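Following this line, the structures themselves.
The following pair of complexes shares a single chain, subunit A, combined with subunit B in the former and subunit C in the latter.
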Partner chain A sequence: MKNLLAFFLVGVSACFAEVVIVANPSVKATAVSADELKQVFLGSKATLGDGSAVEPVLAQSGAAHEAFLKTYVGKSDPALRNHFKSLVFTGKGSMPKSFATDAEIVAFVAKTKGAIGYLAAAPSAGGVKLLTVK
Partner chain B sequence: MYPPFVRSLIGICALGGCLFTSPVLQAQVKIGGKELQVHGFLQQGFAVSTNNNFLSMKTTSGSFSMTDGGVNLSMKVTPKFRVGAQLFSRNIGDIGNGKVQLDWAFGDYKFNDYFGVRVGKVKTTLGLFNDTQDMEFVHTFALLPQSVYPTDQRATTIAHVGGDIYGNIPLKKAGRLSYVLYGGQRPDDPRGGYYLGTRDGGAPISRYKSIVIGGDLRWITPVEGLVAGYSHFDIHGYVLGGLTSVYGQPIPIPGGLPFRDDVNGHISSYYGDFQRGKFRAFTEFQLSDQHNRLTGIPYPPSTDQRRSWYVAGTYRVHSKVEMGSYYADYRGDRRLGFSPTNGIRGPVVSARFDINRFWNVKVEEHFMDGFADPISSRTFYPSTNPQGLKPKSTVFLLRTGFVF
Partner chain C sequence: MKTSGIAAKVWLSIGIFAAGYLISIATGQVQGYATERRLRTTAETLFPVAQRTQDASESFLRMARNFNDAVMLEDESALDRAGQEASTTVQSLRASAALPGIAAERQQAVQRMAKAMEQVAAAGRSTYGGMLRAKGNMTPELQRQSRDLASQMEVAKTGLQALANDTAKDLQNELQALERSSGWQRGLNLTVLALTLLISVFFVNRTIQRSVIGPVARVIHGVEVAVGEASLASEQMASVVLQK
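What follows is the complex of A and B.
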């Protein structure tokens, strides 16, 4: 049943943007809106609607990264990097963690309270929860 | 040989670049279990111009005197509380002189997404780019439109020692509002263009003490990529100086005839920004009024009424190449029409090449009509143009930046 539910959730996410949204189990929400995702990944929002504190985690490159930025963030990779550099060098924000592979993202999200990231496919390893996009 | 501050910055950037561009090492820099983020940048420019020397550099014969850089440390102490500080130094012609200064240093407590507080020395939010004007690496252009962001006047608006309150207000289907309200003391910069201009004008100042209050309200509209906003900046203070010459005749008093100028002014800035995919267009329109009341010398109260605007567009033609252009217009007295002594205007074309994530190179050409009031402390200075100013000039810029 659990596997069936996970399959269903992955299916919903994949249909929307060809990426899977994952979060640390400390995040109470099971779904996020596209607007919440955008604001979280632009650093302008640090909590979800249910009060869960979240911290974005980025991929460094790849098709899932490009698809995620195009679908949810509305900025290209260079534009997003410049956005975060603007925050970092004015002191008004921190540089999010970024990783080269999905496995590294899963490992970091699994051990970091509030972490939220995206993957090209559902993770084989446990320790993270899947979020649907409302 | 680079001056000592440049060598220090190069050393810091080289060390930081080695340590902090590696994700593995990045994750290991922790103090008390908290991650310490270290970032820095170093920028070097070359400028060559026709007719007039630009920004106090000797650009008519080509100048490399355009170096700046900074390094910052920051830490998220708790999910809601961050602290950080940045050092900054620049050497642009006769401006900056390589003096290392505290650019910003503050604590930031974000109660929730709607309300946060920053206390310390904070970069001032004014228009689209006031707080990021030093960071060429986040912009397409080697120099932002000088009508609204004059490099030599940076100190006038760049930061305040005091505080901000800030936040985001969701408007459901109407998008959201982002706001900042601030107040504090404006740091003085004796190595800035304002001091240089007053020296050139025969009335060198020794102090400019002022407080600033203001705010910024921007509407992130429901139209994807469209932002519109308004900033207001109020300044109240006084300037101390000495009048050393009148109509070119020296005044035989050591230090000049002392004067005080009580200054009250404000800047209103209206802006719009549209980004969609590889394309971006943005514009700003700024009105600046400054009331001066002098004591110590017989000069009637006066009001400066300036107007500045630009319109800009950029397009990323390749993953590593972005092209851009803008038209900028500055009017020293908006009650008068354009003349070479009352404004600077003209187009700029630029290309940015991203060599990798840390290094970019830009080439840019400025076509300028006018030089404004020669003692306006802006763009062109009599001390570096002793031959007199010509009504038209062009500047070619080559600028490279390294950031980690």
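What follows is the complex of A and C.
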């Protein structure tokens, strides 16, 4: 019963969770389309429309992670991991880096040229730029 | 003397025909043995090589599918199945290379392929086993190994398919050569038979013309001349009697 309740709460929180897209300041774009986000996070595209090279960064879990995958990628977490495993197996791609907390994501995105990730809320620390979704 | 000449000519004609027939039979036999020898090579070498390289190609694909299952489904038993398929691939190739009568160049290519398959299978077991145990948290080194292995697998797959196609082509070429040889053999037999028949007919006809029809015609002509002369003599005798 407790598990069911927890599952329900995670589901509900995922539905209402907000997601903020962040990128390294080297990314020239200030906005990305939902389709571009999907392609970048599925590993099928490595540049944005303005020509900026990007590297996706994933969260390992959490409501924002679930909401991001559901809203922009259209895959569940296991399905996305399988997708990337398949890319690695066929030599067509590599697993994106993933971090346990938003702070780790911010730190990585801030120091890595072209990195693009998502957070549950706008970061308090600097070093990253916010991208709007068109 | 004349009778023995005719008989000799008739026997000569029959002898030419018989010799032609024997030559035709002899060439048929020689070519038949050659064809049987080539068919034996085809049955004992080319066909098994083609079949085993095809088997190797199929078991390699099954090995790749099992490696994929091992990584994607995190199924350890798929790794064992991949290992078994890899052994089948290598065994099929080694059995092909060991067949008697296989061309040296082809044998070397098959042996090289068997060695490459062994290396790919060992690397696959190590790398994909590592990916399976990492359960999605793959190190960059493991990912690099996987990328390298993916390209090695692709090269091996292409090479194996090319080898299977080449051995199938060897078999097809040999069967086509046998078909051409059989057609040529039939043509040769028919030509030899037709030639000897023509020569025999020519000699028989010449013998009949010279030894039978010619003398008979000369006798008939002689008889006709004698009849004419007798008739003339009879008329002359009749006119002498009338004058008297």
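Rule of thumb we're sticking to: the second predicted complex is superposed on the first by the 117 of 134 C-alpha atoms of A that agree within 3 Å, B and C clash if a C-alpha of one lies under 4 Å from a C-alpha of the other, contacts with A are read in each partner's own complex, and residues count from 1 in each chain.
Simple rule for what comes next: contacts are C-beta pairs under 8 Å (C-beta built on N, C-alpha and C of every residue); 3 or more make two chains touch, one makes a residue touch a chain.
What you are looking at is a predicted structure, and each value in this text was computed from that prediction instead of being measured.
Student: Tell me which partner A:25 touches in the superposition: subunit B (first), subunit C (second), both or neither.
Tutor: In the superposition, A:25 touches no partner, neither subunit B nor subunit C.
Student: Who does A:75 touch here: subunit B (first), subunit C (second), both, or neither?
Tutor: A:75 contacts subunit B only, not subunit C.
Student: Using the touch definition from the top, say if A:127 reaches subunit B (first), subunit C (second), both or neither.
Tutor: Neither: A:127 stays clear of subunit B and subunit C.
Student: Mind working out whether A:46 is in touch with subunit B, subunit C, both or neither, as first, second, both or neither?
Tutor: In the superposition, A:46 contacts subunit B only.
Student: Can A:85 be said to touch subunit B (first), subunit C (second), both, or neither?
Tutor: both
Student: Touching A:95, do we find subunit B (first), subunit C (second), both, or neither?
Tutor: After superposing on A, A:95 lies in contact with both subunit B and subunit C.
Student: Give the label of whichever partner, subunit B or subunit C, reaches more residues of subunit A.
Tutor: B
Student: Return the residues of subunit A at which the contacts from subunit B and from subunit C coincide.
Tutor: Looking at subunit A, the two contact sets intersect at 81-82, 85-86, 88-92, 94-95.
Student: If you look only at subunit A, which of its residues touch subunit C in the complex?
Tutor: 81-82, 84-86, 88-92, 94-95
Student: Using the touch definition from the top, list the residues of subunit A that touch subunit B in their complex.
Tutor: Residues of subunit A touching subunit B: 39, 44-47, 53, 55, 74-76, 78-79, 81-83, 85-86, 88-92, 94-95, 97-100, 114.
Student: Over in the complex, which subunit C residues touch subunit A? Could you list them?
Tutor: Checking each residue of subunit C against subunit A gives 67-68, 71-72, 128, 131, 136, 138, 140, 143, 146-151, 154.
Student: Which residues of subunit B touch subunit A once you look at their complex with the stated criterion?
Tutor: 23, 27, 37, 39, 41, 70, 72, 74, 76, 79-80, 82, 84-86, 104-106, 108, 110, 112-113, 118, 122-123, 131-132, 134-135, 137-139, 168, 178, 224-225, 275-278, 280, 316, 319, 322, 354, 357, 403
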